[in-house]
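Going in written order, the chains are labelled A, B and C, and every chain counts its residues from 1.
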Amino acid sequence: MSVRDLTKIFPGRGGGHKAVDAVSFELEPGGALGIVGESGSGKTTIARMLIGLESATAGSMSVLGRDRSRPARGAAERRARARELQIVFQDPYTSLDPSQSARAAVDEVLRHHAAGAARAARADASTRSRSRSGPDPRSAPTKATGPTSGSDPAIDTRPDADSNTRPVTSPSTNADPRDARARQTRLEELLDQVGLTERQSHARPRDLSGGQRQRVAIARALAADPAVLILDEAVSALDVSIQAQILNLLVDIRARTGIAYILISHDLAVVRQLCDSALVLRSGRVIEQGSCADILDNPAEDYTRALRAAVPVPGWRPPQH
Amino acid sequence: MSADTRALLEIENLTVRLADPAADDAPKPLLEGISLSLAPGEALGLVGESGSGKSMTIRAATRLLPPRASVEGAIRFEGTDVTRMSGPALRAYRDTGVGMVFQDPRAHINPTRRIGAFLTEALVRNRGVGRREATARAAAVLGEVGIDDPARRLRQYPHELSGGMLQRVMIASVLLAEPRLILADEPTTALDVTIQSEVVGILDRLRRDRGIGMVFITHDLDLALAVCGRVAVMYAGRIVELRDAKDLHERAAHPYTLGLLGSRPSIDVRSARLTAIPGRPRGAFESGPGCAFADRCAHAQDVCRTTPPEPVRFRDGDVRCHLLDQIHSVPTAAREGGAA
Amino acid sequence: MRIHILGRIARARASLGPAGTVAAVFLLLVLLMAVLAPLVAPQDPNLQSLLDAYSGPSGAHLLGTDGLGRDIASRLVYGSRTSLLGPTLVVAVALGVGVPLALLAAWYGGWVNAVVARVFDLVYALPGLLLAVLAVALFGPGLMPAVVALSIAYIPFLARIVLAAARQQRVSPYVDALAVQGFGVVRITVRHILRNIGPVVLGQAAIAFGYALLDLASLSYLGLAVQAPTADWGVMVSDSNALLQGYWLPVLAPGVLIVCCVLSLTVLGARISGERPQPYLRTRRRARTTARTQPAAVDQNGAAA
């Protein structure tokens, strides 16, 4: 993922409000970048621009080489973008459709992308001349996980998935009963991966706790098999013990699938736990950027130092005035 | 009657139940057997996750419980039982005895009135202080909580102030009543971390300078340890561990406290895995006959599921656990080495 | 299977409350009566027998007869058909036009929302009955002109509530999450937003149905909608001759039916759209369900963590 000079100006008096000011960063496949900042730093606006819910005033962003600076045109492109980048929101109480069980929510996404893939495969079959062995950007994260590297882009990158049953492998899979079976397998696998029981997977969100809902949201995001997952304060609203469970889960998922994370958080400890690199935002500008350890252990900027110094740790005392 | 005459606030065996007229089952418990005491000028932390009853405890201490709640046990403020206070005594207690600081100051300050009016209202109406005098005092207190240009702030409306600024105004309004006790319910949870450190710094200084007792509620154990002298860890409506803040990190004994310590990621090192507690936090009404933590506890045995543990003295703290001797027979260093 | 159905009924009863259940059962009976009119009605509703005019209730005529000797019970049964058909059409048309417009406005917001909302406000200001009288003046009396006029008047009544509810859903993060998954506007609005506001729409539709029933009965009473020989509750109420002759049953019976229907629809509508008699009870019940579903969670999370 590559972001160049991303800028967002909200219209208003006096030339508007510059919420994000020329932010640039790179994220390698399988990497984990923390975007740190206090309220009003523009971190959520960046997330909304990345996922296309907000348009950028200037700058460019691309995932796996595909530009996403402009709004998606057509269903196929929307779907393709969805398979590149997904998001988990902060509030597990409003980020799920209240009338959908976990199972239904994940299955809906699987169907949606399977249908899109089948359509693409048909189109592909009709224009056989187009080679599939060209430089496939999605194979990059796959390499990180080993055994299935270099395979079809739509194939599950998880080593424990049975890649032969994936619908896209044969172009003539339309309405194939194997489709349904493969989807079912994948559904169980996703629910299992995020640690939801059979019973929870049938429950409506209102009967689930905050942590369980967040698991559902993660499963739904993973169902699109994205290369990058944005975690927008995804553990901030959870109880401490639940937060630890979800953090462990996220570490496991990354280790297992080679997915890349962008973690948006105000919590430096959470960023340290999950991320390799980090950037510190203040009033829409990048103050400091680099490896997570460097920034937290040897902050170069006063602001970063102040941020770090304000975190209560063992032995910390409140500042005296 | 009172065990400790020097205590500012003393809660003894407090149990709160909420009756449900619609259901025929027994009233559901919210708090069970809470005992704690607070000396003047002392800060006590109440730490716990959702449903642990930490907010309910201070609501009980100010008698702000729902009408269907039944209260057992004693809550004494300077030796007087709060649960038996008459109308005027209760009003006096709430007015000048105790002050409350909440998580969301915006919800507790009338948005249509100026800061000045908000701060001086109680002084003018309840204590007969002249308007000019009240304004002067308000300005002085605003200065004390670190707000520059108090005269201008007094003329502003709440929406013109940031959350951190408003929380300082909230604290100032509490100080104006010159209480002996401050109850702070997650006062910094909604604030940015740099603002949080300033606000707790202010609370800390006021406590020392004025000798105000403070009960500080938070879900952040490290924050509580930094601000308070002693910390009570709550779970499912009970205090499971109560000990000095300075040695809690080294000497914590209850499996839940240890779990909480292991759950928080560190800002200094990245651990491969956090030692997460399985399951989700419970409320008091959801717990079975035994120890409320039993179903999440790695050490739980039959006795834990049948008999509620009473607090015992362990490593200079009060801990509610049956298995302390067993769990801690292993040298602490080895166990923590394994967890890291 | 039987247990399953009984369970559903029990759940429906619990969520409707006693008054809602009575209303639902009553409306179901009226509906059955309308559908099965030929089987239920003791006689031909238009069969005249002048010799029997204004006879009181008897074995032959359960509710007696009217001035032309027609069986009142049978006329009530058949009358339910025309009386229910009108409001059905009104609500269907109002929903058919209003809901898509409201969803469109909620989704796109901005100027689309502003235009649609203003149009709704404008139409809302028009009195429905007056519009109907105008339509009758233009196209002549009959059910259809009245239905068309009332449909237009009822659009904002339904659509404004749909718009408000849909707007609330639109800003929910779950809608954002679906958009990020690449789902199209139509799918998100129909399969998710509309489904979640379904109870509100349905409840409001029930209430509108009651009002439409009343409005159409009034128009029929005035002779502007359903015309005389046809059996219709509104037309039957207008039989002032009977009253002059001292017979109240021919007028009272359809009147009572109208009132009961409108009342039932209002009660039912309020219940469906989520107005609960005792909110406290609800939270308690929900808390208990949560407690019941949790233990499994603990075991599993224990294994996963």
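Convention: a contact is a pair of C-beta atoms (placed from the backbone, for glycine too) under 8 Å apart; a residue touches a chain by one contact, two chains touch by 3 or more.
Just so it is clear, the structure is predicted and the values come from calculations on it, not from any experiment.
Asks: What pair of chains has the most C-beta pairs in contact?
Replies: Pair with the most C-beta pairs in contact: A-B.
Asks: Using C-alpha centres only, name the chain that sits farthest from chain B.
Replies: The chain farthest from chain B, judged by C-alpha centres, is C.
Asks: Could you name the chain whose CA centroid falls nearest to the centroid of all protein CA atoms?
Replies: Of the chains present, the most centrally placed is A.
Asks: Give, as an integer number of Å, the spacing between the C-alpha centres of chain B and chain A.
Replies: 36
Asks: Can you give the whole-Å distance between the Cα centres of chain A and chain C?
Replies: The answer is 45 Å.
Asks: Let me have the rounded angstrom distance from the C-alpha centre of chain B over to the C-alpha centre of chain C, please.
Replies: Their C-alpha centroids are separated by 52 Å.
Asks: So which stretches of chain A touch two or more other chains?
Replies: 209, 211-212, 244-245, 248
Asks: For chain B, give me the residues that contact two or more of the other chains.
Replies: Residues 276-278, 280, 296 of chain B touch two or more partner chains.
Asks: Which positions in chain C are in touch with at least two other chains?
Replies: In chain C, 294, 297, 301, 303-305 touch at least two other chains.
Asks: Give every residue of chain A touching chain C within the complex, in rising order.
Replies: Residues of chain A touching chain C: 51-53, 72, 75, 78-83, 85-87, 89, 91, 94-100, 109, 112-113, 116, 195-197, 199-200, 203, 206-209, 211-212, 217, 220-221, 224, 244-245, 248-249.
Asks: Which part of chain B faces chain A closely enough to touch in the complex?
Replies: 49-50, 146, 163, 192-194, 196-198, 200-205, 219-223, 225-227, 249, 259-260, 262-278, 280-281, 296
Asks: Going by the contact rule set out above, which residues of chain A touch chain B in the complex?
Replies: So the residues of chain A touching chain B come out as 38-39, 209, 211-212, 239-245, 247-248, 251, 266, 268-270, 272-273, 292-293, 296-297, 306-314, 316-321.
Asks: Under the touch definition given earlier, write down the residues of chain C that touch chain A in their complex.
Replies: 172-174, 176-184, 192, 195-196, 286, 289-290, 293-294, 296-297, 299-301, 303-305
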